[in-house]
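Before I ask anything, let me first share the structure, which is written out below as structure tokens.
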């Protein structure tokens, strides 16, 4: 097999702002092994995340990776929740140049608390294919839907509330 | 260090039904490295799960382990949701003796669809400390709470709905 | 590739007693990646073991996995032997609901000491393909046989004894 | 912590013949992390094995390592047995300079088939602490002994034969 | 142990230019487990690299990690050399937003080819403690020095040349 | 797939002296997974190294493996250099039968300091494909060459010196 530098390269334009006009107001551009074949077996990937003013990367997990993030532009309120039984929220306001770690598999989020300025982060993940599970989308927007019996009991609400949630348009913040 | 057979043993009474009177109607009894020191470094743990009639083990993830489950008594409707962007629900009704796999880090659940019979499952996990994150509890019951700004946007509901959810009593289905 | 719930499911009938009429009086029903393709890369497998009265799962090893076991029915006398130079036997009588761990690669066994009751165990292993090596079968029943010079010296017996052992019918307790 | 070259060094005299007057006629000199602290976390160890004329390194396993071996002096008949259900013996006569692999956890042996010449091998193992289990010793020489009920059924012999075997003096071929 | 958000946070000022006045004209600011304890066991770290005009991060390896890099400011000529026997140089000019991968353990470099503009990169590594070995420094600036007999033969030069190289002041481009 | 003993065997003639007439005066004969298919996934390989009088295995790294070495014949002066920032040389003179460890990814060498006697070592590596990077060859003999701007600054010499080094014939000491 003939390998060239292009197998380890991606013209990713990670310096360019991305569209954040979606409902949650963020956009994740992930460079993983599907975009960059040279990452195969190497256990790492890289992402740029754009946040609109008051936009967020909503609560999600990476089933196969830890994330380390730094703020390139703006301010972010970030946090993760520890596993059962404590479910402690560890959260922090990050300014430009700060670094934060989201341990593998834990639910975490980033929120731009500023109403008139976008924010940008760069994040790396400890897998060439870390995966991402946006909690609200996976729970209420799965195809087919999870039974409303299951979700009503899990979330302690009426089935009508679940049905209404499942009827929303759940869009993905990865283009 | 003097090691004895008791370091590899746990009188766990996994044959005994557990209390399933909590809100979700299930009870997980996990034997991990905290209960059984001999599991250290060995990458496996074992659990019994009891389900009341119409009880469930609500949507949750294991951040550090795959789960393989078999039904000992009754019937279970089980499923997991694949990661973004598809969020496909793969679900199945399991009868006694059937086996199902929940891959590492994915959101999954088990529900007893029978209104007059309990169910029991035995499950093994591929870590001596797999962790568990009950989605509703971690998202709406964290201490301190996640900002309702973050959750309202993530779940596409009013902040009042989030506040109401956060005011519920979120109990853990592990004794 | 189109994946469905059936890729993660096995109608294994692990609730049903298996035939234990073989010489050793036990029967192992293992669900590994050959039976359940969805286990691929996930590092776990599950087995039911049936024991006749006074039956046993004879001394064996799993070359690629630790085993955690619980007793579903009856009583088991179980043990493993530590590696050289001590070769300490760590053994225990297990009753229903008890849990025991057999660390990766060590020689271990389970024996039903009761003359009038069968026993049943459920065991999980920390590999999707842990392998099993029944010591007596591998040593005396290999095809072709190991040289009786080698075995006579190893077991400190006459070659005739080895030849006699090698002439037995070595059956496998996995159907 | 101050580290010096001596932490990565062992004056092991692996060039010197060792005493092979024991019952099995072999002697294993293993340099693992207990002898050479610098091996910690590095996943490898090294051994010299001496064989008397007609001596052997009797059937054994390494629970945590693969072995690669080359013959320094003499001739060796070597083999390993594959796992259940086939238990195929893969064996070969090795001359000076030949290389053979014994996969992790499988039962294997080396035998010097020459009646008037010693043999010497050098072997490496894929763990800083691979462990070794000499099958005959672990099965018949454990302390305390495995129940003769268990062993008689496993080896298809009378209990008296087991008791006689357990009464032998089981010596370890590692000094 | 009481864990707080600060254990997963580092006020790293990765947005601020660093001093690049050293001989090689670059400066690496690495956030690994020594700076950020929460990275322990999580297998990832993050670095900012500043390059003066015509500055470089000279040929080096990371003994325990793959590196993925993106250009934040300016232009970089980057490359790595494959292992023996081919020693192929795979190189590329990267502009802002481009991504490149340096596989674990391979010799690689980044060079700012622009004479009047600095450059900045952000890089992630697949270990919480990847290590770095600057080739010239480790070979010619070790303490004590490697014998000039060894180096003269390796580099095909006179011993006087080696002695002269070893007499240079070898500074590290990590502050 | 039908597997035979030959898949785990290599008639390697590791007992025979190899040609050491090359510039560096050494010759590495490596048995890895390309020579011996049975090593696949097993994480180990084996090498014989011949050294002419005053010959050396010049400074090199193994990007994917730790090395453990013993001297079969003669004397070796061996060493490795720790990573940045200390770059400490840990070195030792080894006699026949001594053992030394070179941790994964670190620059190391072996030199035969005796002017009238060859030396021979046997080394094992903790990967079925550890790779080797001879520093001088990879830095000055890559194809195409690394820019002399980059190397002149890295090694603190004139570009003319780099050009002269790059014009040498860089031969590999593996046949």
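By written order: A, B, C, D, E and F. Residues from 1 in each chain.
We take it that a contact is a pair of C-beta atoms (placed from the backbone, for glycine too) under 8 Å apart; a residue touches a chain by one contact, two chains touch by 3 or more.
Note that the structure is predicted; figures quoted are calculated from it, not measured.
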Problem set entry | Shared chain contacts [subunit A and subunit C, defined touch] | B
Seminar exercise, completed: Every chain in contact with both subunit A and subunit B is listed here as none
Problem set entry | Contact-richer chain pair (by C-beta pairs counted) among B-C and E-F | E-F
Seminar exercise, completed: In whole angstrom, the CA-centroid distance of subunit A from subunit D equals 51
For this session: Give, as an integer number of Å, the spacing between the C-alpha centres of subunit F and subunit A.
Result: 44
Seminar exercise, completed: Residues in subunit E with touches to at least two other chains are numbered 79, 91, 103-104
Exercise. Which word fits the touch map of the chains here: line, ring, star, complete or other?
Worked result: ring
Problem set entry | Order of the ring members, counted from subunit B so that subunit C is second | B, C, D, F, E, A
Problem set entry | subunit B-facing residues of subunit A, complex | 23-25, 54, 56, 58-64, 77, 79, 81, 83-89, 91, 103-107, 109, 111, 113, 131-147, 149-151, 153-157, 161, 165, 168, 170, 172, 174
Exercise. Taking the complex as given, what residues does subunit E use to touch subunit A?
Worked result: 3-6, 8-16, 31, 36, 38-39, 42-46, 66-68, 70-72, 79-80, 82, 90-92, 94, 96-104, 122, 124-126
